[in-house]
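In what comes next, subunit A is part of two complexes: it sits with subunit B in the first one and with subunit C in the second one.
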Partner chain A sequence: MGEPRVRSTWWYVARVPARYALGFRMDLAFVLRSPGLAAYYLTLDAILTPAAGAATFLLAERLSGIGAWSVAQVTFLLGYATLVEGILSVAFTYNVSHVSRRIGRGQLDHLLVQPQPLWLSLVSEGFAPLSGGAAVLAGIVILSWSIAHLPVMPDPVWWGLFLANLGASVVAILGAMFAWSSLAFWAPVAAEEVATNVHEALTSLGVFPLDGLGGPLAAGLVAVVPAGLVAWLPARALLGIGGAMTPTWATPAAAAGLAIVGAVAFRAGLRQYRKVGSSRYTDFGHRR
Partner chain B sequence: MLPSPAAAGEGLRVGAVRRIPVALARPVPFGPMLDLRAIPLARYRASAWLAATGAAGDGLYSVVRYVIRLVRLLVLLTIWRGTLDGDSPADHAELSRVLTYTLIAGAFAMQLDAMTDIGDAIRDGRIATWFVAPVRVFGLAVANTIGRWFPSLLGYTLPVLLLAPLAGVDPRPASLGSGLAFIPSLGLAIAIGFALDLLLVSLMARTGWSLWDMRRLRVAFGTVLSGAIVPLAYMPWGLADWLPWFPLASMASAPLRIWTGDGDPVHLVAGQVAWATVGWVAALAAWGTQRERLVGYGG
Partner chain C sequence: MSDEPAVVLRDVWKTYRLRERGTSPREVLARLVRPRIRVVEALRGINLSIARGEIVAVAGPNGAGKSTTVKLLSGLLAPDTGTVVALGCDPIRDRLRYVSRIGVCFGQRTELWWDHPVASSFDWKRVVWNLPRLQYDRSLGALTEMLGLRDIWRVPARELSLGQKMRADLALALLPEPDLVILDEPTVGLDVLAKRDVLDFCREINRVRRVTIVVTSHDLSDLEALAGRIVMVHQGQVAFDGQFDRLRATVGLQRRLRLVTSGPAPVLQDAAFLETRDGAHEYAYDAGATTLPSLLAQAEAQATILDVETHRPPIDDVIATLYASWHARDARGR
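After this line comes the complex of A and B, so read on.
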């Protein structure tokens, strides 16, 4: 046997569709193996993911809006947040987005031993389009209703900006979750569930119109725990809400910054991991 | 082969007080549990203390959770200020009342949605060790939960109440009577929360539904319909008229209304007593019949 062949990055990028196809087949097998169970999960997801914003919606309905936001605009925000959550559950499930669990539990080795770059595993391993797709459908339904009741005439440019902001929201959340999750490289026990905490903060705070918050708090909710990027800032920009117009590039720009922070923190954590590894499991396989 | 206790004519020791026949040592919903002398309080106290010291050592994990809860509370307060911003004295009084309601709801959020970790114990297999502990399984779960509350009460609830004036919120109860009535009301709210927890766990055992779905279901609808986030009076479509009659309202809305002086404490507490009784009778009956079906997973 000779040396392993060195592949270029583009060679691996070209493998992504094949990995997604594999993920689709495995997810289809899961659904077909137990259709009743799959239907149960999908139904619950379709109900419970948008339910995270139930309090906001009920309040808006009762008070005919929240601050500068009309009921339809609040509904747009909630549909957008549901769709973002749906994309995360379709493309980054199996603890890829909650990567602190894998790091803290010593399961990163499972990825490092694979004959492909780590980034390719992270990009493709959490793909579950069928079992994770209910929230996407729920988000699309809610968004469709709200857009039909909003005084906007979506043209191709608007839809392009919408998709750019949607992708940016997903990237921003992943960047923040990876940045925070990197703590688990140094504190695997204490920080094992930090991604869960960050995700909880994002989902519980991301469904509120955050107008009126003070400067430091608002900045923190955009840059540190970017709940404002889940739906509030992009919805403001896309619907033109507020006195000072929010630029439509604000969310993509913030997402780029968070992606860089997340990547830098994760690489620093990996350097630490190369030195100390993980000692979470005993020789008997029990977690410490 | 050793003779079984029944064959040897022995009984099993319950608590530290008396022996009962083996036939009765099976889960009996309304048997020894109602005998207060049979409750080994010292063991529950020890369990609660262990849980409290363990939770106090969570360090970073606790701080992150406290920060998230605090930010969420500040966001809710900001939303109310932006929504109820009328100029009349009545508007100001209503805003002040809602701000206090929201602050107390945030400060006592864990108690107003009392939930043990028995579901987690079933999922990760710890439940097997709980069944051999010399205390009742759900009693141990309750003791652990109450123990874990103490660091949170000291590290989050108390500072929030003390620092509330800095955020422009008056944390005080509407009157001394309201403050005193809040104590039993909060206790009843916790009791109803635990009963709901036991009912859901029994349902998990019966149906095989996952812990996460149960928890999401409870968080998604429970916290909204109980009035823990938005006062029920601010619910649309007439929900404000009939939601207070439901058990979820007794978990959060009732004690919060008592604290803020909104409603008759006697009626509110009476409703809580009724729902706590119904809830516990149903929960104990369900748990008594379903606990044999439990399946735990290790990992």
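After this line comes the complex of A and C, so read on.
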């Protein structure tokens, strides 16, 4: 075997499509191997993911809206949250987003013996577009219905802002989950499920319009456990609720901050991992 | 291929700081305020050099520092002080370059995708390791022959037996044709046949490709069957580094004598009676201190000898004797 070359970051970036193609192939084979079970699982996923916002929707329907939010606007918020959740389950499955499990269970070793930067492993290893795609479809359907009932005329600029905010919401959630998950580097047993707790907090709080909360509480729900970034803040900005108070760059800016915090915490954790390694290993959830 | 060693560990120290837990509520509360830290010196100035194309067994009792050594070599752990150089790389600093040239196989872990056929894991490896199609086909062809992958190729990993899983994992580790293979307990849980397959394969791959192999195992007879050289780690230091024969010699020229006689087990001076099983009496003796004819003469004086067999003691017994002597020495030193 010849001496391998040192590759540039861009060389690795260019590998992402091939990794996604691999993820697609593997996922397609997985789904086609038992189509009946896959259909059952996907249907359940399509129903259960938006069901997280059922209470909010029923409240809005019963009260003809929630505060400044009309029923259609609340539905937009729910569709947006469903779509964000769907993207997470399409692109970051196999406990990539629930990374505290991988850290706590000693499974990071599997990533560290791969000849690619850790970021590339994390970006590509959890890609399962078909088995995780039901929530994306559900989100698109709900969003389409709500947009059709809203007084907005989406033009290319609006769609660009929509996509930027959507990506930012995903990044914000991942930033928070990675930041909190980094605790598992120091407390692998106690913090193994911390990502699950953060995720549950985000999905249960993320489907509510958070208007009317006091400043510190709203700030906490944006910066610490960023439930407000799941759908509330971007929906406010995109639909113009609250006027110019919520700029469309607010979510991307907050997401960038959270991404930095997540990356810094994770890197510090990795340094700790190099120092002490993992004292435990369990294969539960690994590549399954 | 260069002449520089495949692996060099120079004065490597690794220390873990473990927080000791209290047992009673009072103690637990006290340790919250004033934590008690236990310092464990996993490696204490290890020096080790492994030539290219060598098979080296790393052995030692539990907690001796084997796992730490394997993790250092796999690039998963950084030393506190000292240097680790493998294949001319620093495993941590040059991680990407280094791991593309090594194959790591942990006996109790799997790289296989659980719900996918074995074939999918190989496809995954080809893409992630960026293997050219020609190299992939050549390597896979050879591995399929040597490890008999054909019968498990389309079977999901979760349906494989332990032996099949190990064969697939070994093949996966060897797929990129690495220069250095690190095997941590590769035969754990395997039956006799599966174990033989794995050991034969490792010998073959070393013979054909001159791959350097570092292997750990608790099963010393496996290690002896595979490696010429054994590095014994004890309390974070290299306690022995040399050929297996020399290791045996350190505990004397130990031999076993099995006698089948007409009556009960004869009493032999200079030989320790071990057991009687299936009518055969087993003795241990030091071939440097006494001779076989003298022992046989003693036996013949007491009974009619029907059958005689001598053999070397199992390597596990040799190691057990060594461990016991180390522990006795440590106890005296305390």
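Here is the rule we go by: the second predicted complex is superposed on the first by the 274 of 288 C-alpha atoms of A that agree within 3 Å, B and C clash if a C-alpha of one lies under 4 Å from a C-alpha of the other, contacts with A are read in each partner's own complex, and residues count from 1 in each chain.
The rule is simple: a residue touches a chain if its C-beta (ideal position, glycine included) is under 8 Å from a C-beta of that chain, and two chains touch if they have at least 3 such contacts.
Predicted, not measured: the structure shown is a model, and the values here were computed from it.
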Looking at A:Arg15, would you say it contacts subunit B, subunit C, both, or neither? Reply first, second, both or neither.
second
After the superposition on A, what does A:Val6 contact: first (subunit B), second (subunit C), both or neither?
second
Is A:Ala51 contacted by the first partner subunit B, the second partner subunit C, both or neither?
first
I'd like to know which partner A:Ala190 touches here: subunit B for first, subunit C for second, both or neither.
first
What is the contact status of A:Gln272 with respect to subunit B (first) and subunit C (second): first, second, both, or neither?
neither
Does subunit B (first) or subunit C (second) touch A:Ala29, or do both, or does neither?
second
Would you sort A:Thr43 into first (subunit B), second (subunit C), both or neither based on which partner it touches?
neither
Just subunit B (first), just subunit C (second), both, or neither: which does A:Ala201 touch?
first
Contacts of A:Val113 with subunit B and subunit C, given as first, second, both or neither:
second
Touching both subunit C and subunit B, counted on subunit A across the two superposed complexes
none
Residue positions on subunit B within touch of subunit A in the complex are 58-61, 64-65, 68, 71-72, 74-76, 78-79, 81-83, 213, 216-217, 220-221, 223-224, 229-230, 234-237, 239
Give the list of subunit A residues in touch with subunit B in this complex.
41, 44, 47-48, 51-52, 54-55, 58-59, 61-63, 66-67, 183, 187, 190-191, 193-194, 197, 200-201, 204-205, 208-213, 217, 220-221, 225
Within the complex, subunit C is touched by subunit A residues 1, 3-4, 6-7, 15, 18-19, 22, 25-26, 29-30, 109-110, 112-117, 274-277, 281, 283, 286-288
Per the touch rule above, subunit C residues touching subunit A in the complex are 16, 68, 71, 74-78, 92, 95-97, 99-102, 104, 106, 108-116, 120, 123-124, 127-130, 158, 176-179
